[in-house]
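Reading through the structure tokens given below for one structure.
Letters A, B and C mark the chains as written, and numbering starts fresh at 1 in each.
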Amino acid sequence: MENKLYVSPSPHIHGGDSISKNMYGVLIALIPAFLVSLYFFGLGALIVTVTSVVSCLVFEYLIQKFLMKKEATLYDGSAILTGVLLAFNLPSNLPVWIIVIGALAAIGIGKMSFGGLGNNIFNPALVGRVFLLISFPAQMTTWPVTGELPMTYTDAQTGATVLSLMNEGITQLPSYGNMLLGNMGGSLGEVSAVALILGLIYMLWKKIITWHIPVSILATVFVFTGIMYLVNPLQYANPFVHLLSGGLLLGSIFMATDYVTSPMSKNGMLVYGVGIGILTTVIRLFGSYPEGMSFAILIMNAFTPLINSYIKPKHFGGK
Amino acid sequence: MLRTFRIGGIHPPENKLSAGKKITTLAAPKQVIIPLGQHIGAPAVAVVKKGDTVKVGTLLAKAGGFVSANIHSSVSGKVNKIDNALDASGYRRPAIYIDVEGDDWEESIDRNETLVKDCKLSSKEIVDKIAAAGVVGLGGATFPTQVKLTPPPGNKAEIVIINAVECEPYLTSDHSLMMEKGEQILVGVTLLMKAVNVSKAIIGIENNKPDAIAHLQKLAANFNGIEIMPLKVQYPQGGEKQLIDAVIRRQVKSGALPISAGAVVQNVGTAYAVYEAVQKNKPLFERVVTVTGKGVANPSNLLVRIGTPIQELINAAGGIPENTGKIIGGGPMMGKALISAEVPVTKGSSGVLIMNKEESVRKPMRDCIRCAKCVSVCPMGLNPTLLMNSTEFTNWELAEKNYITDCIECGSCSYTCPANRPLLDYIRLGKGKVMGIIRARKS
Amino acid sequence: MILIAVISLGVIGAIGALLLYAASKKFEVYEDPRIAQVQEALPGANCGGCGYPGCSGFAGACVKADTLDGLLCPVGGAPTMAKVASILGKEAASAEPMVAVVRCNGTCSVRPRNNQYDGSQSCAIASTLYGGETGCSFGCLGYGDCVNVCTFDAIHINIETGLPEVDEEKCTSCGACVKACPKNIIELRKKGPKSRRIYVSCVNKDKGAVARKACTNACIGCGKCEKECPFEAITVTNNLAYIDYTKCRLCRKCVAVCPTGAIHELNFPPRKEAATDTKTGADKPTPAPKTEKTPVTKEVAAPQEKVKEKTN
């Protein structure tokens, strides 16, 4: 028995890449943003993140074990990642029970109802977030103001985000410095541009994602809002404000680039990114919601299969 | 900025354990088993029978068709039997068993080591000599060389490209050959240029062999029209289409032959075999084989007679290590796992790689997460995960529309997949099916 | 206010209805109503055993064809075809009931593994790679491609033997497994009276000694059965015996002489009562199986019968 040779088709070596490596890589890239949110939102950020991650893990385990009767794959990091991303899209003063509902929507509806990791059409964390946004609009759109390691949670003092300020026509915006660092109102993970870009650089370096999706989204938003700004600077904010505010960076770097729900070819990724950029800008400038990133990504998620079937990778020797 | 091919590619750990080792000659074994089908195309037809006495270099079997090759004896002795022998795939195929007696070579073979540079033969005569010597592509594809040197009507060769990239991890047989037989190789290249009437040849060598690049560059100064081109290390650069793209920046169209881009690609080992066939009258009956692996005591480059059991090679390299899980004929990316070490060396054997049990076993497969890493590494610009799915669901139309037949089976997709999906297993199957469907449609 | 809402909704509804009506008229495709009728009569398994894409494809072919010769729904068999024939007013082609037969008896115990396959668990993929885990490159690989294609749950791998077994009650002889098997081991054979069948359960074409070494149950092409057969139903070509089921009269003489037990009999009563049972009225009872290999035959045949009993 012991001396039988193994026989299998080539290739006989594997690069050692794995799903969990990629998932944990993204989690590492999220660490700077998490630290910033801890600093500005304090206890609230910690409670929201922990609740979200734990409930995502629990739901994933329960559904896989008892509904799908499969081996639970808790350790691949995908449920943790969904939990963290969901938390990053929530205000830091959101009550625990709402977060748990959000996690159930994310894992249950967004992921497992399609058959688990790899088969979902929509980004699970965004499904959870949008579910909450529609179900609990009041709680989801009051953001605590930033402080220095505040020890407040649901009792935090609340204020407006840059985008809601713009939507209401108020021109008193935070300085660029504060926007870059994250010293402004908003969901807990989206505030700090610097931290998010650090994450992007890490993921590009580790080859977890390619530049196509984030860059195309950001460029589209920049160009579109720039044109509008040139047309009417009094009504529309300047493009730099748009780039740095709201969930644009978090969405384009961490949510839109989700493997499962984004197109496979490079050109497809560009189309997808441009689509998200246009939709986001349209919702921001003309819609009644101040922020359009989540909706834009979900809408383009639905187009991903279509993009995949129309835009093929560049074929060797082709055209 | 070094050139390489422009779509996809991976860079697996090189593990060239036997690099820099001199070529050592392995003595003929007691018995050789010479299969009649060692090349792509029709098997050769035996011209000897049981009991015949043969010398080293005696013709054993004649080409069995246009795409086929002659086979010569690698030893002197008596034909024991012509019978089915186990091949590397576990099938029984006809082979000639020869019991070795002495080492008696055919007189026509010039065994003198001196370099013969001049050649007065016409291109037709050169090609005929190559065909007579049974030379096939020694990179592993074993396509009969004379067929490649006879472009189909309407095509004109413009350049000879010599494949010396040796992009497979572990293998060093071409590398050692370049270091030791540099001049002979260059004469062989000149002969190939003459055979297809071109005045230019480029030898593509990956940058991880700086000694070979320097050595050949120095020698090439004495030869007309031969250029040495260092290339960036990237797998699968040894693929014919990839190499053409890397060297002359032309992409062969889907389904077309390399000659349509004006290129004739030959392996560096083939160039050496051509030299020996034309200048020394020596048929192809021995080749350099790398025996390697992390557990192998003495990884080496051996000059081996065709038909020697692989076990003998392993013994020469220090014996089979404990904990051996897999023996691969060829490199780790495209080589074939052997079912036993008793199978013989054939013309296409470039290496023997021994892997331990831990390296041998595949990891469990997960659902596809559509990360598109296979798409970005595919050197043919295909969508491997789509092709795997269409094979699984037997949607041959979809597979054909997405160019499944263009797959070169390099294995980059399976190598890269984070979900450990056996992409190439399925694509290879689907490719075969679709090719069958296309053939059926044509006829 | 309410009135306006009702009227506007009503108008929108009416316009929609008109549009739908116009579209259905404009893009209507005429289909022979008999196709639907024929399809109704078919089992609706969409197995593809008839060679057409699903039952509707087959129904279309039946309606189009001049005669029903060569058209057979293997699932429904003769009764279904008779129904189809009466709908179309054509003659039904008669067909004998068939069943899938696995022609390999290289169980784990008689066919030692000499390597370990570690690729995708698919016979098609393994067979494009190599001859298989055992010394017999003709035999069953055991990864269950036949099981996967069977839409009737009629074929399963027996874990003990590693070989697929056909459940004759469920097998509709659609032929999906025959097509799926890359080794061409599965064959559709005449079901036979009382499901009694005799067949060579081996497809190994290697020379006797080689075959025997790889698998002690292999057909070694010795030709004893060929000589023994009173009806010239058995031919040995390429070291392999084959029983022509159109000629076989189920006398079982070949089973007794086979030295390796490669010839299998199915659903016969125990051998002691054999003499009275054979259709040909064999004058004397076949000699008791003499070789030591016969017990193996029994062992292999036994589980199949057991499986059948369970399902009954």
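The definition used in the following text is that a contact is a pair of C-beta atoms (placed from the backbone, for glycine too) under 8 Å apart; a residue touches a chain by one contact, two chains touch by 3 or more.
Computed from a predicted structure; not experimentally measured.
Student: Identify the chain whose mean C-alpha position lies nearest to the mean of all protein C-alpha atoms shown.
Tutor: Nearest to the common C-alpha centre lies chain B.
Student: Looking only at C-beta pairs that count as contacts, which pair of chains has more of them, A-C or B-C?
Tutor: Looking at A-C and B-C side by side, B-C shows more C-beta contacts.
Student: How many angstrom lie between the CA centroids of chain A and chain B, rounded to a whole number?
Tutor: So the centroids are 48 Å from each other.
Student: Approximately how many whole Å separate the CA-defined centres of chain A and chain C?
Tutor: Using C-alpha averages as centres, the distance is 53 Å.
Student: For chain B and chain C, let me know how many angstrom lie between their CA-based centres, rounded off.
Tutor: Measuring from centre to centre gives 42 Å for this pair.
Student: Which positions in chain C touch two or more other chains at once?
Tutor: 114-115, 118-120, 125, 128-130
Student: Spell out, as numbers or ranges, the residues of chain A touching 2 or more other chains.
Tutor: 5-9
Student: Would you please write down the residue numbers of chain B that are in contact with two or more other chains?
Tutor: Chain B, residues with two or more chain partners: 337, 339-340, 360-362, 422, 425, 428.
Student: Quick one: in the complex, what on chain B touches chain A?
Tutor: Within the complex, chain B touches chain A at residues 7, 10, 12, 169, 241, 245, 251-254, 256, 324-328, 332-340, 353, 355, 357, 359-363, 366-373, 375-376, 378-383, 385-386, 402-403, 406, 409, 411-412, 414-420, 422, 424-425, 428.
Student: Show me the residue ranges of chain A that touch chain B in the complex, using the header's touch definition.
Tutor: Going by the criterion above, the answer is residues 5-15, 17-19, 21-22, 73, 76, 115-119, 210, 259-266, 308, 312-318.
Student: Which of the residues in chain C end up touching chain A in this complex?
Tutor: Touching chain A: residues 113-120, 125, 128-130, 133 of chain C.
Student: Could you list, by residue number, the parts of chain B that touch chain C in their complex?
Tutor: It comes out as residues 84, 88-92, 337, 339-340, 360-362, 422, 425-426, 428-429, 432.
Student: Along chain A, where are the residues that touch chain C in the complex?
Tutor: These residues of chain A touch chain C: 4-9.
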